[in-house]
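In the two complexes below, chain A is the common chain; its partner is chain B in one and chain C in the other.
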Partner chain A sequence: MAFSKLYDTHDAAVADVRDGATILVGGVAKSNEPSGLLSALLRHDATDLTIVCDFSGWDGSETIPRLVKDGRVSRIISPYPFLGAHGGVIPELWELGDIEVVAVPHGTLAERLRAAGAGIGGVFITTGVGTRFDMDKESRSIDGVGHVLETPLRADFALLRCHRADGVGNLVYRGAQRGWNSVMATAARTTVVESDEIGEPGAINPELVITPGIYVNRIVRAAGAPAV
Partner chain B sequence: MPLTETSAFKIARRAAREIAPGAVVALDRGLPELVARVTPESMGVWFLRADGTLNGIPLSAADAAAIVRGGYVDLAIVHPAQVTADGRFVGRLYARDASIAPPGIGVDLASGARRIIALHPQINEDEPEICLASHLLERPVDGVGGIDRVIADCAVFEPQGTEFVLSEIATDRQADDVVADSDLSEVVSISDYPAAMDFTVPSGTPESKVHADGASALHDLPDGVTVFIDGFGGPGGMAHYLLMSLRDRGSRGLTIVSNTAGIARVVSFGTPPGRTAIDHSVLIENGQVAKAIASFPVSPSVSRPSEFELAYRRGEVDLELVPQGTLAERLRAGGAGIRAFYTPTGAGTLIAEGKESRTIDGRDYILEYGLRADFAIIRAHKADINGNLIYRGTSRNFNAVMAPAARVTIVEVDEIVEPGQLDPEEIVTPGVFVQRIVKRPDGFTGYE
Partner chain C sequence: MTEDKERLDRAIMAMRVAKELPPGGTVNLGIGIPTLVSMFVGDDSIVFYHSESGVLNCGPLAEDGNEDIDLINAGGQFLEPVPGMAYFSSADAFAMIRGGHVDVTVLGAHQVSANGDLANWMLPERGVGNIGGAMDLAAGADKVIVAMEHNDRNGNAKVVEECSFPLTGKGCVSLVVTDVAVLEPTPDGMVLRETAPGWSPEDVQEITGAALIIPESVGEYEV
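Right, the complex of A and B next:
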């Protein structure tokens, strides 16, 4: 092949993340998140980051809170920016004014990412009408029903996790891994995927491909995954 | 009083009694997930979870949210911090400042589900067992007017606008005591004859989706409705048998929404010599179609016009032309609860005439609306009896995007299998979108 999407190290795959970048982070649990890429991002020096994620710490993963604690993150966009009344470093820093927190309903975030990936300029939906989530948004009554305009959310990078990738970046996920990772893959300028397994082109049955390789720019082997 | 395992299971079993066989039930994280554990599998209930899985079928976050927003959720079960007598609720994951409180999936469920019930609202363990309020106390509202029942382990409460009514009470408790112990006398009145709470698990089985033949599957397709029908250039992916069944049924005045309005017959890719491919033409020549919404309604060959083309020239049918990608996106929007969206496709062309235009970040867009229909007639390779579908090759094209956008989706398949025989990872269309299944008869070829 004339070029390869395969990177040798997690650090190389995120080396060009710049200050001020918006980064989508896939997954809702340790097994679903790009833990190697997140570790590489921790070792990196880029700052003033915007992180878009579900809450990745349902089972105790601490990487995003650590990025926040290190002062690297200026904004979190998430349906679960933290958990509960004693949410740790994120609400603490928010109270000090050191970080911006943008709470977004789960499905609205997913649709904003999908819109970005699909070239949609905005969608009129009913989610959140009459709640704090319709404030400062354009609203419109369609057929007598209140709607709000939600806008696409594009990012510079997506750091994702998948189960299997082939050399051209076609991806399959396993179980709930598909959730955020497959939506985010389409919405970033540079999509970096950490895969448990990496095969040759053609190694994945085309009927089973979830994310076609056109959305994927870089592939790196998951930390701890055996070499093929 | 802290929530014990026993009381959690009691709440879950009572909540399960709200579920009809075959219903689609969305579960918020935590306590609501217990409802799936106590509901018998034989009830055929679809449980959609916050992690995006639907009875173990993994969905993208966007597809999972689309099921909720698209109106497919019969019942949502949430575990809020607080419920008011007018049915509003606030999420359990709250912050000291309302503006950053995590909405999770609660807001989606409140907006999209047909019915919502709340389990055991409680803010903290040191607060009263049940937190029902006459008004919300500086907390962000996640759901507006949606909750119609609150289930605790000892009683059931129904928000009735200005107060709650205690409508059920556990047989080992006194209604007066429950109201007094939880400090609810300000907001709750006790029904004259509260029913005894029933904690036995429900039963029942859903109606079978499998129909013996096309006539049975289309038995209630009336005149004048909108029908989605797949159809690309060639005969692949079309429900040929159901098209013939619809011709035999004879419903008239139909609006068909389809990529082509039937060109397989004139294009004849792969058609054996001497045979004719079955396509939408069978309906058009039978005088059943009043209008087509399509992206490629005419024959690519001037010398071989399609049936639709001929009917259009005779003035017998109307036509709405839609670019192919816009048609797909309008269908996706229709199924995903998106009323309208801005697309750059067609801006500045004839397609934009009469439509709202808008410049966003320097690019021109037009506003397009979601499409929904009464019926969809689609084709898949295999279905299990719950209606989960897989396709083969390019026949996935419009079938998969039409299935969620119709009230009644009827699928023609090569093979019907038992539940569990399709790998959840390979299911493309979850059965929540499929109401009726028909096996294509053995030996039926798709050609006349």
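Right, the complex of A and C next:
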């Protein structure tokens, strides 16, 4: 095959991450973390990063806390920025004012990413109306119900994981892998995916493709299946 | 005096909540006492579970040794696979919630106000919080049931006139199940619906931070 999005190494797949980059990290809780790509990012020297993720740290996964500890992260945007990190490095540096932590409702974050991927200028939603999450946001009454405007969240990179990919970037997930990974795949300028299995084009039935290859720039083989 | 009175345990609270789940309905269970609810849904009452992690019709929590790394709820707990499951994106998971397709959500809380405001994501003394999907569920689910202890570890009332903690949602709670009572927030105030065995309405009022509306007949806490 002449054309392929396949990269040989995780390091090559993230080599052009620049200082100040906004990076989406896929996975839900401890499941389906793109561990090979995150390890490559740890070996990289880019700094002043903004990390957008579901959980920022949890028992058994040290990757994002380690990036933070190394002083590489300026900002974390997450529904669960502190979970599994009681007394850990993220609250510590946050209290010192060394990193910015932005808590975003899970569904609001998903919709902001979806809007970015779909080229929509924002969405009016009811989540957070009457709470501190509606401060400084444009509000509107729609059918008599209060809504606030949530704007798109675009990223430079998405580091994701899937179960099966083909050389043109079509993806299939397994279980809850689909949750964040399929939304984040659409919202970054460069989407990099590590896949448990990689096949030739045709290896995935087109009827069953979850993320069409147009959203995917780079594929790399996963280092190994994550352990329970 | 209420100090010596026996409070119901978490399993009994979960059983009481389970009675509220509509047969054939779709339910999203939060972390803590709400998670226990699935253990008490009878075999004759089919309920579909929704998880923000992107799973519909999932089973209860997985047994030890039967965990699948890719089958988890939003709290990172492993789920049991059951026939008829569906997987979807986070955007779809919350479209289902905001779109009113999830019938009931059961959440824990730090405080619930007399008119149904909910505070459950951040304790001010910690200065930080994990909002997760609670705010979307509070805004989007058809019915929000709160399952919580009536008082916190220091004895402070969690049913209050007005929430002092940062809000999750305004006027969104429709039923509160605690370890001593079942209560219904209304625009007029908090109505006492049921009391636990051995508790009078006056006993419940004594440990509650809002003036209760006590109807002529208050039921016994039924499970």
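Please note the rule applied: the second predicted complex is superposed on the first by the 212 of 228 C-alpha atoms of A that agree within 3 Å, B and C clash if a C-alpha of one lies under 4 Å from a C-alpha of the other, contacts with A are read in each partner's own complex, and residues count from 1 in each chain.
Convention: a contact is a pair of C-beta atoms (placed from the backbone, for glycine too) under 8 Å apart; a residue touches a chain by one contact, two chains touch by 3 or more.
For clarity, every value in this text was computed on a predicted model and none was experimentally measured.
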item: Overlay on chain A: chain C relative to chain B, clash or fit; value: clash
item: First (chain B), second (chain C), both or neither touched by A:G199; value: neither
item: Contacts of A:Y173 with chain B and chain C, given as first, second, both or neither; value: both
item: Touched partner set for A:S31, first chain B, second chain C, both or neither; value: second
item: Partner chain in contact with A:G88 - chain B first, chain C second, else both or neither; value: neither
item: Which of chain B and chain C A:G122 touches, first, second, both or neither; value: first
item: Partner chain(s) touched by A:P79 [first = chain B, second = chain C, both, neither]; value: both
item: First, second, both or neither for A:P212, with chain B first and chain C second; value: neither
item: Contacts of A:I142 with chain B and chain C, given as first, second, both or neither; value: first
item: Chain B and chain C contact sites that coincide on chain A, given as residue numbers; value: 28, 55, 79-83, 91, 94-95, 101, 103-111, 113-114, 125-133, 173-180, 182-183
item: Complex contact set, residues of chain B against chain A; value: 50-53, 58-62, 64-66, 68-69, 93-108, 110-112, 124, 140-144, 329, 333, 336-344, 358, 360, 363, 365, 390-393, 425-426
item: Chain A-touching residues of chain C, taken from the complex the two chains share; value: 51-55, 67-72, 74-76, 78, 87-91, 93-94, 97-98, 127-136, 139-140, 166-171
item: In the complex, chain A residues that touch chain B; value: 28, 54-55, 78-85, 87, 91, 94-95, 101, 103-111, 113-115, 118-133, 142-143, 145, 147, 151, 172-180, 182-183, 207-208, 210
item: Contact footprint of chain C on chain A as seen in their complex; value: 28-32, 55, 58, 79-83, 91, 94-95, 101, 103-111, 113-114, 125-133, 163, 173-180, 182-183, 225-228
